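In this document, chain identifiers A, B and C correspond to the written order of the chains, with residue numbering beginning at 1 in each.
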Amino acid sequence: MLRCTFFLMCLLHLKHTILGAVTPKPILINGTYINPELGNYHARLRSIARSCLEIKEKHGGTQDGMYILTTESGTYYQAFCDMNTAGGGWTLVASVHENNIKGKCSVGDRWSSQQGNDLNLPEGDGAWANTATFGSAESSTSDDYKNPGYYDISAQDVSVWHIPNDEQLRNWTSSAILRYHTESRFLREHGGNLYHLFKKYPVRFGAGQCKSDTGAVSPVVYDTGDKDSTAKLYGPSAGKDFESGFITFRVFNADRAAMAMCSGVKPTECNPQTRQQCGDFTGLDLSGTASKQLTESSVLLFYR
Amino acid sequence: MLRCTFFLMCLLHLKHTILGAVTPKPILINGTYINPELGNYHARLRSIARSCLEIKEKHGGTQDGMYILTTESGTYYQAFCDMNTAGGGWTLVASVHENNIKGKCSVGDRWSSQQGNDLNLPEGDGAWANTATFGSAESSTSDDYKNPGYYDISAQDVSVWHIPNDEQLRNWTSSAILRYHTESRFLREHGGNLYHLFKKYPVRFGAGQCKSDTGAVSPVVYDTGDKDSTAKLYGPSAGKDFESGFITFRVFNADRAAMAMCSGVKPTECNPQTRQQCGDFTGLDLSGTASKQLTESSVLLFYR
Amino acid sequence: MLRCTFFLMCLLHLKHTILGAVTPKPILINGTYINPELGNYHARLRSIARSCLEIKEKHGGTQDGMYILTTESGTYYQAFCDMNTAGGGWTLVASVHENNIKGKCSVGDRWSSQQGNDLNLPEGDGAWANTATFGSAESSTSDDYKNPGYYDISAQDVSVWHIPNDEQLRNWTSSAILRYHTESRFLREHGGNLYHLFKKYPVRFGAGQCKSDTGAVSPVVYDTGDKDSTAKLYGPSAGKDFESGFITFRVFNADRAAMAMCSGVKPTECNPQTRQQCGDFTGLDLSGTASKQLTESSVLLFYR
C-alpha cells in the first residue's frame, strides 16, 4: 500500500510531449527525486517568503544563496540571502556598479540616469524613491541592480558589501574588500526601508543644506575590514572631511548638490566639493583620492 | 488511512539542506499549507493561462492583482489583471512613463529610444511593432513597461489608466486621474492587438498624411472621469484641435511626424504642431498646455 | 481506493480566494490536468537542468522550444532549446541585434554600450566578459539578449543563426538566412564558454595586433546556406580580406581596434579598416558592402 501510494503521488508530471501534455508523470522513484534539480527547486519554493529574514526565522534557511521571495502584491522574484553574517537573514536588494568612475551620471547608470544633479536638472530618474527594478542578483557586481525587495521589505538595518567589479557570486564573501552592517535599527524611523527613506529625503539639487539636512546617519559594525582600512581605501584627502565607521544617506555638499549615500563614512566638514556631483554615489571618490580598489568595486546593499 | 495518505501526499518537498536535496518534505499539515505563501503561489499557478480574460472565464479569477501567464511559445511571465472594471478580464500589457515631458525621446525611453521621428531618423526602435519587452507590472508607473502579452494576447478592446507617476500598485484604482475603455472591438480588424496594429500602421516619419492615414480610432467609455475632465486635463489649446472621448492610434500631424497614440482624444484639425515630435506619445502634451497632473502621470494599457 | 487516492493527490491547490489561501484544491480530474497549461508548466519543470544538452540527454527533451534552466548558484531562467540541428541540445544564450548598422555603439546597444573602442575609451562595458544579463529569448531578434547560460553553461561548440530582425520565434528556423555550427570543440581550450574566452582575450583597443593576437578561430559546418552564400551576403569587398566558412572571436584590425567576433568568416588580410569600429560586431559590415539582408538580421548564439 505504501509503495502504491508513493507511486501514485509521483504522477505529478506529464506523459508524452510537452504540447500534448494532459496527464501527469512521476517525479519521484522510491521517495527520491528522479531529477535532483527539481528537488532543489521545490526546496526553494517551500520557503517562499517576503524576506530572507522570514526564510531564516520561519522556514529554517541556513545556507547563503539564491531563494524565492514574493512582494505584498504577489510578484515573485529571486534574491540572494546572506544567512550567516552577524546572525544572518540579510536580503540583497540592490547594488551600485560604476564601470567608470569618470563616467558617473553616464548613460546606462540606472540609479541616476540621464538627469544629473545640477541646477537645470535637479532631480534624477528617482530610482532611489520609486518602484523601478533592474538587473539581477548574479549580475550585481557587473551592472546596477534593484529588486522589488528594495521597496517591499520592511527592515531595520542595512548591510553593505564592497566587492571587486565582475566578481562571481560564489567568490563574493572571500573577495570582499569591505563588509559592514548597522545594528542601530535606524530604518525603523524612516519607514522601514530606503525607498521610504528617500521619499522623505529626496536626492534633489538644492533641496537642503550641508550637514543640517542630512537624511540619516548610523554607525556600522565591521564584518570585513575596519575603520582604518576604510579610511585607507578612501584616500588621504578624505580623512580631513569624513569620519569612517558610519553610513550616511542623502548628503548635501557645500554647493547644495545631493548624494544618495556616503558608504562607510559620514561627512564632518562642509568644504565645497571640487569633484563633479552626480546624484547617487559620489561618495565612492569623495576627494578624488580614493583607491582604485574602491572605485572599481560594486556596492551591494542588504536589508534585515 | 485518510490521515496517512495526506501525510504521504505532503512529502513533496525536501529534507535536509538545499544542496543535498533528493527526498521530498511535507508542504501540508492536516490539509492546510504549512507556508501560506506557497499556497498563494500554487493558487496562482493553478490558473495559469494566455490572458486575464481566460483566467476569469476558465478559472474563475475574480480579484484584481498579479497572476501568471504564458505565451503561445511557453514563456511564463507575471501580469496584473483588472478583474472588475466593466466585467473584468483586462490584462495590463504596457505602460508609457515620461519622467520628464521635456525629455521626450530622451535616452532611457524604451518606446522610441534614441532614434527620433524626424526626416533623418524616421523610425524609432520599433518597440510598438516588435517583441522586445522591458520593465515590470509593479514598476509600470515609474518606468516604461511592455510584457509578452503585448504581442501574444489576442484581444478585442483596450482599457487605459492614467496614474500619477510612482504610485504603488495597491493605490492605482483610487489614485487614477482618468480611466476609460473601448467597447467597439476595434482590435479585431487589426490583428487582435497593438503589435499587429502597428505592424500595419508603422510609427514612421512621413509614412502618411494627417487625417487620411490615421491608424485606428475608437470611442471610449469612461470608468474614472469623463469627456469634460479629459478636455480640462489636456488644456484649453487642445480643445480647438482635438475631441475628447476617443482613443487614436498612429496619428500624423501636418508636418507628417508620426505619434503612436493620442490617448483620450482624436485629432480634428491638421494644424502644424509646434511642439517637438517624438514617435510615441506627444499626445500627452498636444499643444503645450496640458496640465501638470496629466503630463506627470503614466499611461497604463490593458487588453481584453 | 485508487480513485480516492487520486482525488486526495489532486488537492494540491487552493480553495477560496488567493489571499485567504491555506488549503489545497484539485489540479487533476481522472488523472488528467484540469488546466492543460499547468500540465505544460509541470512538464517543463520536470526537466529543469543546467543546459539544453542535459535536458536532451538526461530528460529526453526532443522538441524545439522554451525550457527552464538553472545556474550553478540556483538562478532559474527560461531559455530556447534547439533540439534537432545536428543532434540537438543547443542552448540559445545570446543575440546581437543592430537596429541601425550606422548606429553601432549607439546608446541602447548592451554589448558595447556607451564606451566605444577607441584610444580614449579603450574598453566597452565588458558584457562579453561579465555576468550582466539582458533581454529575453522571445525578444532576441528585436533586442540585444544575454542570459545566465552565457557564463554558466560549460560547452564545447557554438551554433549561430542569422535571423531577419523582428522575426517571431515560431518562424526562426524557416526564415534563417544563415545557420552554421562548429564541431571542433574549440571552447574546451577556452574555459568552456565565451565568458571565459573573452576574459582571456579582452575586447579592448590596442590589447593586441592584427592576426597574431586573434582569440579563437574554428571552421563551421552549415545548416542553412553555405560558404558561397555567406560570401555573397558579406559583399564583394569582403572577399579580398576574409574567408568564409569560419567563426572568429576577438579580432584586431590594422588600427588595433578590437571586434568581439567575425561571424561566418575569418580575416585573411590586415588592411586598415576604413569603417568605424565598435567593440562588438563590426564583422556584420566588414567592408561597408554587406547586403541589407545581413545587416538587418540578428545574430543568435547557441552553446552545446
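Note that a residue touches a chain if its C-beta (ideal position, glycine included) is under 8 Å from a C-beta of that chain, and two chains touch if they have at least 3 such contacts.
Chain-to-protein mapping (UniProt): A, B, C = Intelectin.
The structure presented is a predicted model; accordingly, all values stated were derived computationally and were not measured.
Both chain B (Intelectin) and chain C (Intelectin) derive from one sequence, and where they touch, under half of the residue numbers involved are common to the two copies.
A turn of 120° superposes the CA atoms of chain A (Intelectin) on those of chain C (Intelectin), with the angle given to the nearest 5.
Chain B (Intelectin) and chain C (Intelectin) have centres, each the mean of its CA atoms, that are 29 Å apart. Counting partners per residue, chain B (Intelectin) has 5, 9, 12, 18, 40, 44, 65, 74, 107 as the residues that reach two or more other chains. Those residues of chain A (Intelectin) whose C-beta lies close enough to touch chain B (Intelectin) in the complex are 2, 5-6, 9, 12, 18, 28, 31-33, 36, 39-40, 42-50, 58-59, 62-63, 65, 70-76, 107, 113-115, 125-126, 129-133, 148, 151. Within the complex formed with chain A (Intelectin), the chain B (Intelectin) residues making contact are 5, 8-9, 11-14, 17-19, 21-25, 27, 35, 37-38, 40-41, 44, 65-66, 74, 78, 99-100, 103, 106-108, 135-139, 141-143, 165-166, 168-170.
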